[in-house]
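Reading through the structure tokens given below for one structure.
As written, the chain order gives the labels A, B, C and D, with residue 1 at the start of each chain.
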Amino acid sequence: MRKSITLGVAAALTLSVSSFSVAADTIKIAFIDPLSGPFAGTGVNGLHQYEFAAEELVNKKGGVLGGDMFEIVAFDNKISPKESLIQLQVAIDQGIRYIAQGNSSGVANALTEAIDKHNRRNPEDRVLFLNYSAVDPALTNDKCNFWHFRFDANADIKMDALTDVIAEDTGITKVYIIGQDYSFGKAVAAAAVRFIGEKRPDIEIVGNELHPIGKVKDFTPYSRKIMAAETDAIITGNWGADMLGLGKSVLENGYEGPIFTYYAAADGITAAFGETGEGSLRLVAEGQINPPASDAAAAYYESFKAKYPDGNISQARITNVIEMLAKAIEEAGTATDVVPVAYALEGMEHESLWGGSVKMREVDHQLIQDVHIHAHTGDDITFDYDNSGFGIKVENTVTMAAMDSPTTCNMRRP
Amino acid sequence: MSDQQARKPAQPLQAGSIALPMIPWGIAAVLLCILPFIFTNNSAITIMNQMAITIIFALAYNMLLGQGGMLSFGHAVYAGVGGFACMHIINSGDFFSGLPLPVLPIFGGLVGMWLAIIVGAFSTRKAGTVFAMISLGVGELIAACSVIIVVFFGGEEGVSGDRTYGLPFFGVEFLQQIEVYYLIAFWLMLSAILMYLYSRTPMGRMANAVRDNPERAEFLGYSARWVRFYSFVASGFFAGIAGALFAINYEILTEENLNTTQSGIILLVTFLGGVGFFFGPILGAIVFTLVQTVLSLQTELWGFYLGIIFVATVMFFPGGLAGLIMMHVPALRLGKLGRLGVPYLKTLLPAAIGALGAAALVEMIFHVRHAPNGDQEMTLFWTTFDSHTILPWGIATLVTVVGFGIMRATAPALVEAWNEANTPDGMSE
Amino acid sequence: MTAALELDGLKKSFGKTEIIRGVDLSIGTGERHAIIGPNGAGKSTLFNLITGRFAQSGGAIRLHGTDLAGKAPFEINRMGLSRSFQITNIFPKMTVFENVRCSLLWAMGYRYNFWSMVGRSRALTDGADEILEQINLTARRDLPAGVLSYAEQRALEIGITIAGGADVIMLDEPTAGMSHSETDYIVDLIRTVTEGKTLIMVEHDMGVVFGLADQISVLVYGEIIATGTPENVRANARVQEAYLGTALEDH
Amino acid sequence: MDLILVNLIDGLVTGLLLFMLSAGLTLIFSMMGVLNFAHASFYMLGAYFAFQISMALGFWMGLLLAPLIVGVLGAGVERYGLRRVHQYGHVPELIFTFGLALLIEELVQFIWGKNQMPYEAPEILQFTAFAIAGNSIPAYKIFMIFISVIIFIGLLWVLTRTRVGMIIQAALTYPKTVEALGHNVPLIFMGVFGVGTALAGVAGVIAGPVLGTFPGMAFVLGSIVFVTIVIGGLGSLWGALVASLLIGWMTTFAKSYNLRMEDLLTWLGFTKPENIWDSAWRDLWTITSPQIADILPYILMVLILIFRPYGLFGKRDA
């Protein structure tokens, strides 16, 4: 009896192992993000953006190192740190040297530590971590390491840009800060308080609170409180259902001022806000979608839409990840040894497809780039989100945001 | 079940009943030792580590559900809190550097036990719904606390550390996965043996008695409440060991180690394997881990299939996989198991093919509905085809219908063969 | 010498209905005492009061002189009182042997022991087998108790009840629902296994009662109207009036 | 003062919604002894069906048809699933409904995908009914209250004034006796399960537009429904109502007012540690009521189970 079971296990394991054959002329990038469960929508859309960018920006141009093609290999981490570590191991076993991940700073924290340990313990098959979305400032501060590169602006940088805009608006004298009760929500709140205090000490912070993440069924009580505080603006780091719930609830209950936020676009959220969000929602993000930065950007977006009519380019930075990685591999002359690739990435300057130039800061591996404040609107939208007729349009731009911002990163280099 | 086994006369099985318990343990130990030589790559070892941890946890859970009849919806917290405590020990610096890593699980167990003592003090007064609901409430509470009490649980990002800072254990620093594997394998054997032996002690026996008939047990001099309490505490101890091994293997613990999803998974694993037999949860953990890690590489719909398997198991085989296997023991004893071989082949093979066909249909529907427009190509069972043409649909439907058709046609013969193979005892099922 | 069991003004009400209305009874050590009475007289309630299943509303119960007030069933059991149930109450999923062995555990001092193997203890195995022998279930030793015939289950129930070595045995309608031959078998069984112990039983079958008991109490509407030897009770006018008349004629 | 009134209304909406779910669940439990873990999944199905129907036939047809479909599905689940599992005992039953909840969530994702559905309240109800001190009360909320109250009255009427209701009521207290009286208990079971799930369906239809129609909506609400009926007392309709409203108001008020643990602790005579961020107790000191609002019901449930295992209004042990 026991024997027959083990035979089954053996069969299953060999099955999983047999699919790990590595073709010689491809450079694989492991995409470890949620492809099932509640956040699968975001994950799948991100995967499409990666696949499209690899195809369009590298493979169609003849690949790297004289013909090596990029291949994106998808791993479903179910947005769980534990699953991510398992999938990381599987990816490494497949000979993959580049790990891309973005959704959830919790997962990113787990991965960056695991990769650091792995590279220390297994110098013969080191890997790089291309973080394209996790914005917890700690990743490029206390928890930074040589193998981690962040292509998104971190929460502090974004808040810096956001508060620049708030500071210029003299109509705002009261703000209400609300966020999810976890590291990112707290980081947003702390940054908001700090920057507002520096830039506009006269602004009164009439509310600063956290709510349980992903658990609030009805945001009405929070909106009542916000209304009662008679605030001029709301700042929130909420994402996903919490963003939608909070936003819709305050707007329905009579709030008319601006809502400054990080993640209130695409993945169904733009469509769900629709008309109600017009005039209120302000998003801080890199990557200019509307108006298109250049003809090339517009053409890129159009061909993406032709391939994925239901998709959105909601993480424009993914093109930077792919292009800069390709450049770094060319420069290093190898794709298998990640150390020279990492050194090539450090300090690299790059012209983004979406306009402006970007620079990977050596000291903490944080990409310095233009950060835009977008408005959620239905007017003058070239590329809408969720096919809803609504999209985000650049209102303000902070060039090379937070270029000289301090970092506590103390990196050990091999 | 091989023919060779079936033809064996029944006597040796019974005659050797004193020696018998040793044999499976021996086989298991040898297997655990040689498995890494068969599956040498790190991902296989990662999967096996995960499996071993799940086995310990599921066995601990079954001390409650199977042996004690207590349904817990929040058992993840005992493993989780044990694991968190170990993470803090790993991060403690001086204390940890004087502590060999293999000893760490004891601390995890003690912490899990400590929490179980506190919760059990009020939750084990009653079995049944009251216990289930308290376990749910406490589980939710502690899971919710994990993002509020950042000092201990580290908030959303959890607590992480480096296991290699412990005192080297005979020169081993546990840098490599394989070293961790043997550590976990050792604890797996030890915990499984201890849990097995526990079920043979007066406490283990009375846990069964209280499960079946708490009132009668009270009139035998045992307080049902204390019996439940001790089972609960013992289960908490082994859950804590599982948590500690998790901490060693992954070097990180997060909220997901505590939440209701995790508690639900362990219930699912245990029930799938079968609560009625000691080895049930072991089977469940192996199958579940494979489904979760291997099947999820193959298809996005793994959760859907798992749900179907689970519901079907509850409906048709409430004994789980172990129950299914043990159903054959009477036939084996009668030496008639071999007679089931051909009817099984006639029914189950078409059924399996039919199921694969149905799965293909499901995958195709999913592809047509959710794949990006223009992407009509899909790959299924090593074949790539256009999901918007009629041919693959026809083939899949045909396979499904024919497969299940043959199954239906041959099922009566199987039932007959089954009854025949079990007759002399007059017991079927 | 104190009585094995003594009831002193025992009362029990459910809501406003008083079921047991002041029962005084003293059962001596080694006595075989039957409690009879018409349906609804409160016999089972009385049993449940004595064994701690219900809490009394008034009065006192003393086992070997110790007050049982507020004691849980398991505590009462540990003081040497064991009972069977009207509806068969065994562990159906466990084997017959296992049923008996479980009932030996506490008495053999294992308590909440989790470090010794039950299979290793010769005393435990022998003790259980001895009881199986007494109740003639040796042949059924390894079957799940749930598959036994009704009479066998009743026999097992008696086996479980006596296994713990209690000196006061209470049997609640041990022959209910049995055929004549089965009844005779059980009566013999009870007689042998309760040798030298105090036996208290509730029974409808007058044949059983008069065959086994040396003292009989008659419970009518929550009160004991007569106590005495079978002959005395049989002769008691009140008893005949209230209950026995018809039953005796039947017998 | 105005805010209190507004919060009372908001809490009432939450509470009544919860009641529609818990009413069905408590009926099912008291009849069949099954704690239906998939109850919230039927609520989710209600929302999704209504969304699908509203795309073609409009919101009102959705309100009418979706609960019916859900009820029929529920009855089917009882007939072909639960009844089969019933013979194995209560634990497998509970586990069956648990598995069903997982399966329904997967099924919903399979059919509708993982994103939130754009399920909206009907145009005609998209206006502000009235405002209290600048806080607008949407007409849809009034509509929700209205529907819930109608359902409650309807349910009460059926249970107390009709023959079927009498049988059900009797079965609530004496399930065995009713069976002995020769009523077709399996049919009653199926009916009650169907009606109970249909009620959950109604809740889904009207809650979908406000709370969002997404695959996680059942999970978010799932365990809180249990908490409600356990607090109210298993099998008690009034208990379910009181517990629902209690939870509705409790969570609403906890979220609306920032009660701080710091104040409580200070009031109790503790002194705040000098450097709070280095203290091991910092998390305790910084807790505010909105943070723990959603776990308050669980705390209440555990306390109730410890001190009063039959709930506020229950007659039977849980």
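Convention: contacts are C-beta pairs under 8 Å (C-beta built on N, C-alpha and C of every residue); 3 or more make two chains touch, one makes a residue touch a chain.
A quick note: this is a predicted structure, and the numbers were derived from the prediction, not measured.
Counted as hops between touching chains, the shortest connection from subunit C to subunit D is 2. When every chain is reduced to the mean of its C-alpha atoms, the one closest to the centre of the whole protein set is B.
Chain centres computed from CA atoms place C at the largest separation from subunit B.
Rounded to whole angstrom units, the spacing between the C-alpha centres of subunit B and subunit D is 31. Per-chain CA centroids place subunit A at a distance of 35 Å from subunit B. Here the spacing of subunit B and subunit C, counted between their Cα centres, is 44 Å. Our note on geometry: subunit A versus subunit C, Cα centroid distance of 74 Å, whole angstroms. Residue positions 109, 113, 291, 294-295 of subunit D are each in touch with at least two other chains.
Across the assembly, subunit A contributes residues 36-37, 181, 212, 215 that each touch 2 or more other chains. Within subunit C, not a single residue touches two or more of the remaining chains. Chain-to-chain contact here is organised irregularly, matching neither a line nor a ring nor a star, and falling short of all pairs touching. Each chain pair that touches appears in this list: A-B, A-D, B-C, B-D. The residues of subunit D lying in touch with subunit A in their complex are 3, 6-7, 10, 13-14, 109, 113-116, 118, 128, 131, 134-136, 138, 210-212, 214-216, 220-221, 251-253, 255-258, 288, 290-291, 293-295. Within the complex formed with subunit B, the residues of subunit A that make contact are 1-6, 9-10, 12-13, 15-17, 19-20, 35-37, 48, 75-76, 78, 80-82, 85-86, 89-90, 92-93, 105-106, 109-110, 113-114, 117, 121, 136, 181-184, 186, 212-213, 215, 306-311. Residues 65, 69, 71, 122, 126, 128-130, 132-134, 136-138, 140-141, 144-145, 148-151, 260, 264, 267-268, 271, 301, 303-304, 306-308, 310-311, 313-315, 318, 362, 366, 369-370 of subunit B are the ones touching subunit D in the complex. Of all residues in subunit B, those touching subunit C in their complex are 197-198, 200-206, 208-209, 212-213, 215-224, 226-227, 230, 234. Across the interface of their complex, subunit D is touched by residues 36-41, 181, 209-212, 214-218, 220-222, 224-225, 227-228, 241, 244-245, 252-254, 267-269, 271-272, 274 of subunit A.
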